[in-house]
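You will see chain A twice below: alongside chain B first, and alongside chain C after that.
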Partner chain A sequence: MSDFIQLVVSGVALGCLYALVALSFVIVLRATGVFNIVQGGVVLFSAYLVYNFHVSWGLPFGVALLLTVIVCTAAVVLLDRVLFRPITRHGSGHGQFFAVLLVGVGLLTVCDGLVVAIWGSQPLSENDPWGLSKLTLGSIALTSRDLSVIGITLVLLLAFWYLLQRTRIGVAMRAVASDPEAARVQGINPAVVSAVAWICATIAAVLAGVMLGTAVGGGINSSIDQVSFLALPALILGGAGSIGGCVLGGIVLGVLQSLAAGYAPASFGSGFGQVVPWVVMIIILVIRPSGLLGSRQMRRA
Partner chain B sequence: MSAPVMDGTPPVSAQARTARHEAEVRKEMRLASSWWSRAGIVVFIVLGVLIPLSTSNALTISLLTSGAVYGIGAIGMNVLNGYAGQVSMGHAFFVAAGAFTAVVVGSKWHWPLPAWIIAAAVVGAVLGALVAPLALRLQGIYQLILTLGLVYIGIYIFTNWTSVTGGDNGVSANLPLSLGFVNFGNLVIGNEQYSYSQGLLLVSWLLCGLCVLLVANIMRSRSGRAMIAVRDAGLAAEVAGVSPARTKINVFALSSALAAVCGALLAAQLQYVSITQFDYTLSIQFIVMIIIGGVGTSWGPVIGALAISAIPLYITTYAASIPFVKSPTSSSGGFGIQPGQLSLVVYGLLLAIFLVAQPRGLVGLAKSIVRLVPRGRRAGARATG
Partner chain C sequence: MTSTTTGAGPILEVADVSIRFGGVAALTDVSFAVTPGEFFAIIGPNGAGKSTLFNCVTGLFKPTGSVRLNGTELVGRKPWEIAKLGLGRTFQNLGLFDSLSVIDNLMVGRSVRIGGGGVLTGALRLGPARKAERLARLRCHEIIDLLDLGEYVYEEVGTLAYGIRKRVELGKALAMDPTVLLLDEPVGGMNREETERFVHYVTTAQDELGLTIVLIEHDVSMVMDIADRVLALDFGRVIGLGLPDEIRRSPAVIEAYLGVEAGAAEKETTT
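This part shows the complex of A and B:
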């Protein structure tokens, strides 16, 4: 039983990371109308940047985090203006969608190469701000890192929920997502909305990157942007791309992955946990193509 | 009642219009529509036979073989994306399936060249047709994610199916290049003896040319036109009696069969297959190839494959003289970039540059240069005549 609870908690922590990355994608998708995988590069770079600011330069962790968010937002908004806007300027049809996606994938490979060029290919260890000490409740041992991940994600999600549902800019963002033309007629400035969306998406991606860098046994390495692909089933599973959908999808998949890795017999072979989210995603697509919480408009062929 | 308004043009008789339409259709239907594509085919065949038999430079042979082998896979990606407008990150899965099929049929059972090529193609087509109904429920990013899932599931299956794939260690592939009456693995013409790699180069280019012709032919057939119709106007195509579902299944089957043949030849080229070669970056490579070459053209994928294969090969060969590049043997540490990583960066940048500046790829570039010449000539003729 205590094993089960430990696995569930670490699964929820993993799911929170998936949810954050998926959320980052969804916010940009809703603000700009195109899917942009370049947030995966932010996940990767932010882990290295925080390491650089915090460990190499000795800045306090909070300052390092803030600096990283600023640098990444600036970089991503610059890329949006220089690279993605010229592509989507003439509408957002099938071709533009694909072009943005591919340029994003290209940039992701550029990021992979760059971090290795700058920081080397050896995994780096962050001076773990949460510590890997165990928290013992009776017979259940939970790493405080997992609890921190869950806590930070919850706080961030609440902040996003408040921003989207209760503030003026949040209403504007939702308006632009549902009908850009009508929103503009109402006097909403699309540039401001997209800037806020990029900032929110970057914050989610930066936190995901930093927390991924503290994973047990992993450290910061050039393959942590793989999570940007592993978060994709969460996006599908969640449905039409709401905050709730991302969180639900991410946590369900994280827990399933954790339980599968923990309980699968050795005969299932290596990597079974990793493949479970994809299999679940395909099964869900067959049974219920609209996802757990979704409408089916944009995904059907 | 007013008389019908006459415009300035003289009335064209129905017969003349039909004749003109038929001439246009005939022109569309021709395999090689212009003199330079016909010349291209002749040059291709001559070079495809002459080069393998005349060079023994390992780098040239390796580059050209990769170009042809990856070219076949890129042709498959082009069918899927260029002609049918579907997106897929799953190409690497079918390439892997083809490679392991070839290992079993060619290397374990020692069946001859046509057998393992055809076996790979059949396995690829069947897998593609099985996956298609799933993939075509979705579109855009959702389709992309589903096909990406295929790569991860494939890696899991192939890693754990150790009796066939050797798991993480990989498996060596000694594929026979024999046709029965002629053995390309040990080719003797007159007094000249040719090596395995030269024979494979010959086989790869012949197969690559065959695939270009095959796809060009399919594209001007009824089912090829159905693919393009479904891409451009799905609803209109359906009204005209084309079944989008069946068309898309055909597209997936054809595309993955080509990917599997590419995998089989890749196994023959490297003489070693390991699942680590088939992750999603391989799928991305194919996408880069067709975009750099020219999406939706017959030769674009092959040209793109040649260009993309050249990058890692030359970067590795000349690593010492490129700034910031470490030689493959040096250990990490200090500022510098590994040759393999640099190729990835170059792919990404090329992709971005081509998509923004020249979305029609190298073939589009060549066409716009070629078009400049006749226009000048035509203008001159009009001025004198």
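This part shows the complex of A and C:
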């Protein structure tokens, strides 16, 4: 029983990371109308940047985090201006969708190479900013890292929910997503809206990257941007487009993956847990394409 | 309807506006001027360039020629700048934000009038921004009352009936406090009774808010009843401009557009 609870908690923590990355995708998707996977590169770079600022340069962890958010946001907004906006301006429909997706996949590959070139291919350790001390409740041992991940994710999700649902910029963001042309005629400057969206998305991706880098045993390595692909099943499972969907999809997948890794027979191999999100995604696409919290928008499209 | 306002200069002045898409001339040398407080109608068969003209005026397209609002040149400005200058617009296919509530749709329109505080103070709801936001909400509720939308305030717009959505679309444009309001076939797809109700809302809003209205319409009889002046377009060119009766009698207009429907329009207005 205590094994089960430990597996569930670490699954929720893992799911929170999926949720953060999925959220990062959703915010950009909603504000620009285009799915952009380049946030996976932010996840990767932010882990290394925080390492660089915090461990190599000896800056306090919080300062390192803030610096990383600033650097990554600047880089991503720059990419948006010089790469993605020109592409979406000239293309339309499916062509534009695939162009942005493929440019994003290409950039991820470049990111992989860059971090290895800059920081080497050996896994790096973050020096454990949260401490791997264990919290013991009866027979259940929870790592404080898992609890920090869950706590930080919850706070951030609440902040985003408030921003999107309760503020003017959030309403403007949703207006642009709903009908960009009408929004412009209605006095909304889409450049401002997309800048705010990129900042929010980058904050989510940076936190996901930093927290991934503190995973037990894993440390920072050039393959942690895999999570950007694992966030896709979370998006599909939850029903693309909503914050609630990202959280639900991410956590369900994280828990399933954790349980699968914990209970699957050894003959399934050590990578079985990694496969589970994809199996779930395929099943969901077949039986309920609009996702658990499926919206009408998906049906209409 | 009140008769044409005279004496004042034009509030909206369109001069020699032309635009081509590929090899096709969508608009050619379109010129007209709308006086303050006027109810100005634009008619023309499908593909005559009516909506294209609105897109040129609101900055979605960039034509050659000149469009002036209160003397300010609009050509070359961005749509959101033009909106701030006081030009409101509804869309033929509805430009509503389906996933937002009625009040939020209006608040999007209203946001151009929430001056001062930037996006961030707005987000954090600090002092002045908070007050501005409350005033904006108040104003939106006034418009909601004016249009009898009170029972739908917090409903998601996507779930409402078509006629009501059309009214929300009108409210969204009114929330911008426009000086000139462009209505793109606002009663398309409505039956006679719904049309009359909608026209009532438009004229009430015009009287209460002192609006100048430019309306694109297909329903000729409706236009002839309520418009002060009528502009007729065909193949992107002006083929008639004058009082409804003059347009009704104009041979060019009858040939291009009224040919079939003129009889019906006459019959309806005489009953």
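In the analysis below, the second predicted complex is superposed on the first by the 293 of 301 C-alpha atoms of A that agree within 3 Å, B and C clash if a C-alpha of one lies under 4 Å from a C-alpha of the other, contacts with A are read in each partner's own complex, and residues count from 1 in each chain.
Everything below uses one rule, namely that a contact is a pair of C-beta atoms (placed from the backbone, for glycine too) under 8 Å apart; a residue touches a chain by one contact, two chains touch by 3 or more.
The shown structure was predicted, so the numbers you read here are calculated from the model rather than taken from an experiment.
For chain A, the partner with contacts to more residues, out of chain B and chain C, is B.
In the superposition on chain A, A:F35 makes contact with chain B only, while chain C stays out of contact range. Of the two partner chains, neither chain B nor chain C is touched by A:I224. Once chain A of one complex is fitted onto chain A of the other, the partner contacts of A:T109 are limited to chain B, with no touch recorded for chain C. Of the two partner chains placed by superposition, only chain B is touched by A:A99; chain C is not. By the touch criterion defined above, A:L83 lies against chain B but remains apart from chain C after alignment on the C-alpha atoms of chain A.
Only residues 81, 85, 87, 134, 136-146, 148-149, 152-153, 155-156, 159-160, 280-281, 284, 287-288, 291, 324, 332-338, 341-342, 344-345, 347-352, 355-356, 359 of chain B touch chain A when the two sit together in their complex. The touching residues of chain A, counted against chain B in their complex, run 35, 83, 86-87, 94-95, 97-99, 101-103, 105-110, 112-114, 116-118, 120-122, 229, 232-233, 235-236, 268-272, 274-275, 278-279, 281-282, 285-286, 289, 298-301. Those residues of chain A that touch chain C in the shared complex are 163, 167-172, 174-175, 178-179, 181-189, 192, 196, 296-297. Taken together, the chain C residues at the contact with chain A in this complex read 58-60, 78-80, 82-84, 89, 91, 95-100, 104-105, 107-109, 111-112, 114, 119, 122-123, 125, 133, 158, 172, 176.
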